[in-house]
């Protein structure tokens, strides 16, 4: 797998004229990589992910997966949203099966596949529960299982743990890390939480806002097997504070003049 | 000001029978103190704050402010919610004035007071804006100004920055700290974010869940004047990890068997 | 010092934006029906108002019994029920696809909303002469009247429901490999089922309002026709009897649609 | 390699759950009205259907001109408009306090919801004989019919709106020192104003539906009365003319209520 | 029945009429009743001291309901309809004046293929159940040895019934002027029979409540007096009268005369004769009332024959006659 983003610009037409959301974005994700993008609110993180997912089209520039240009959404790029996007009328099992069903996989195979991934995210006992009966963390685990069941080339995640409380978030991070190590999939994740990005990823793109550009690309070298312990290391805090400083800079540049304000 | 909570129990009647949300809570907040309570989701943090605010009544135990028992909500205990609770049809100015208006203060005095606090939270230029025109951080600053305009004895805050992105959150923390130091008010704040609690408060109550009890009380000693720099100190991380460990313990005890689940 | 002497809820009755104990709730709900009944009983039996103008409950019960014995009640109720159901089902059959298409496609919405906005305001009863001319005097014009009177409301309310399907849910489906057809039929449609049932629950009352007018068109039987006859000869007891039957049927219909919602869309109720 | 060869939106027209360009939108909205008009023109002028059954647009315009010249159109429109407005305003005046009280207090809700649930299903037109008996033949029974036909819908919809006032907003007010009275009048009431306006916008169409029935009761003037007369004399052109006027009035009413909402509740529209 | 309680001359202004609330009198579209519009227009009510609010009804049925429920003090209606409502009317119903007899203005209109009453067998007829058109049809069917059961009645308000027939939705229509005019617009349709064949069968009346007679007999008298003045006005100013009536009836001026031709306005003498118990002929209302009551019971419109004697009262005609003499 090779995700290649080259000189991507994205401009939106708004009432107040054109708005440049992303400018000259070039980045890559390789097979088995875990990459994070962090940035202030409005720096175009979600837009970037939507472009890769094929939900939006770039104004200029190209996005390709394994050399094939992205022309629309597809099952090869799984996505997990911050909002819980489970189908509320389906059981957990059916939610996980749904991607397979959309692609015409037989009921028997669907059931097997879904059960496998439900087992993997530790929710096999809840196969017949409805989404509303699950906690936030459990919902996101179902959403991840649903995306994985499609066996995508890359998993795109837009602040998947943003709505969870700190303790659940930690558990989910650990869980995701284990999953990634086990399956060897590629992940591109967006987050506000710098510690999360440092803890999880091998490489981080720091975006600055107005317009969204890549301010810095960092490699994180904290060894292969990570656990909570790593968070006590000074190296970890060093990474975090470096990134925070970068963000503070770009933040300070725009603070006091928030977008879309008029008295 | 002396907030005194003695042996408070709170039990809710639910469909599945009685639910003990808080058990044997005893705590105090003194004049000018900044106290935080942290705890996993469901440990009764919000319930505790609602009891103090007078929005709920304890099943047993007593809550008093300056020796007077709490019998209902009152302007002496200001509250800031996580959700943006501004009145959407009022301008920022009128929102801040509203507490004073409810108490029958004259229009002239109201305007003065409100302007003073709007100035203080840095939103004087937005006095005539509507809430929908503000960013999340600005909304919470208005909510804080509104609570302060009532000159409460204590400010109760329920995850006030929980919905903000990390950068805005940091700015707001700094802002709140300055406000507290300047006004010398008492603050009791609830948060999920352990780093936030350590950064802001002088004392922390760690709650454990099911039922909510006080697992530990810690004094934080990081000196008087704090800024971002402090977050790089090993002492800071030490406090954080201690609390995280406590939370992980209480979390692990309940994880895998989330409440209110049935397939 | 206790904390209960003066509290937020001085009275249980006037609790603002909060629940009340189930016992009190049931009591008040019973009073809701019993107090008006009692008031009616007392007023009509006091001898102040002529029973011609306000029949007593006893008279109305007698009238009900009479209508039942004469075999009218059964056949009238059935006839009206049939008309309402057919008219309303047809309105539903048209409103569901049109409403969903209007909610899902901005183009279809632009194409239909203006004309529906105008036609919706044309009173259904005003179409009676045209319906007689085009559709005759059988069941068709009666059913058509009920159809016209409800289809536009149904369409607009279903359209609104579709607009509230979360965008993330739709986009999730695309990223799972779904095409637009699948999104429409396998995501949008099931998502709005509870709203559709609720729409129908609200609008079926309008159908019952119209059946009375519809049955002025050469109806042989029907509760509306029965009211018209009772009206003709000034039999207030029978008018009241029919109104009572209509109210009870409506109430039962409402209940059964609520029940249907609760049983088929367990996921949508908390 | 470009990214535009095959995309999510193969056609602009069939974009799912997304906007369309304003130009296309206006075009389609114009077509929405013009296509039915054209179809009517062609069909009625083709000579296949007798103009008595389907008058041509030209005939309808002539009829409109005639009604206008005879002075009917103005006075009929005014009379019907007056009845609808008075009946509807009264329904609003009753529905606002009752609906708000029912939404705010579970007790009041328990006390009123069952009886309203039953009465709501009693067709307003069925009350005509009783209204004549109690209220005579003047404007009162006509206004009362419109009142009865809309007040319960208004109440239930306003009640629902109140239930959606965020609990945090109410509790915020308590912590600012507000009492229940202040919460009710200074928080709940202003919060539901936009929903109330929307409720009225939806239900005013029902009032217009009823004015036609109401004007069967000894009305001298009114659009419903004019339709009734046209019906008696098989003047389809005048029926169409009156329907057109009703449709346009409704559309304008709808527009002005939307405008009112936009100007008075700027905070509620995004 | 209470005797006359007033000896005042009919044309004298009564002060009571000035101050009291006006009596409410309903009328609807029938050639014999249109002339009341003249009284209103030309100030004839005032002239005779009648303090009247004249209320026009588009639906004949509604006007009868309004009288029965006490919302009107007087109404224009036919004898058979008065019998239908008499038993239930809250203030009682009493006929005090015959305006006219239908002499062809009530008709049965049929489609091209129907030529005799017998042909109606099994056919659909649009009419307003229980009112005059229905009665006329029933009389004709009985004369032909048939009954109402032999046809399929489609019950509609008379105007709608005419429209339905014109639109080809039924095989026949029964009703009065001007609605059969609408019915006849159907291609090939024709008149099968009219009220001209049943003289006396359809008397059109002024009916007041018993209460009005008891409480304000002078007002009833004033109404009767006004009517005869209206007839005089019509004789003297036919063009003006026709214009007023045509406008009220919403029919074209040039169409108008033929409607009047189907209406035989009753003179004072004819009135007195109609109210008298002359014998077993339809022109004597006491006898006609019995026949109609039988019909009404037979077809199930009313459960039993009401007491017929109180619904006819000629005291005001007698008073008028004396004043004329």
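Labels A, B, C, D and E are assigned to the chains in the order they are written; within every chain, residues are numbered from 1.
Just so it is clear, contacts are C-beta pairs under 8 Å (C-beta built on N, C-alpha and C of every residue); 3 or more make two chains touch, one makes a residue touch a chain.
Only a predicted model underlies this, so the values are computations on that prediction, with no experimental measurement involved.
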item: Third chains touching both chain E and chain D; value: C
item: Chain E and chain C - chains in contact with each; value: D
item: Chain whose average C-alpha position is farthest from chain A's own; value: E
item: Between chain B and chain C, centroid-to-centroid distance (C-alpha), Å; value: 47
item: Centroid spacing, where centroids are CA-atom means, of chain A and chain E in whole angstrom; value: 85
item: Residues of chain E touching at least two other chains; value: 65, 69, 157, 160, 163, 167
item: Residue list for chain D, restricted to those that touch at least two other chains; value: 8, 53, 129, 133, 174, 231, 234
item: Contacts with 2+ other chains: residues of chain B; value: 54-55, 72-73
item: Chain A partner contacts - residues on chain B that touch it in the complex; value: 40-41, 122, 125-129, 133-135, 138, 165-168, 170-171, 192-194, 228, 231-232, 234, 237, 241, 244, 247-248, 251, 255-256, 258-263
item: Touching residues on chain C, where the partner in the complex is chain A; value: 166, 168-169, 171-178, 182, 186-187, 190-191, 193, 265-268, 270
item: Chain C residues within the chain D interface of the complex; value: 8, 12-20, 24-26, 28-29, 31-33, 36, 53, 104-107, 110-115, 117-130, 133-134, 149, 153, 165, 167, 170, 174, 180, 183-184, 188, 205-206, 208-213, 224, 227, 230-231, 234, 236, 239, 242-243, 246-251, 253-254
item: Residue ranges of chain E in contact with chain C within the complex; value: 61, 65, 68-69, 84-85, 88-90, 124, 126, 130, 154-157, 160, 163-164, 167, 169-170, 301-302
item: Residues of chain C defined as touching chain E within the complex; value: 50, 52-53, 128-129, 132-134, 136-137, 216-219, 231-235
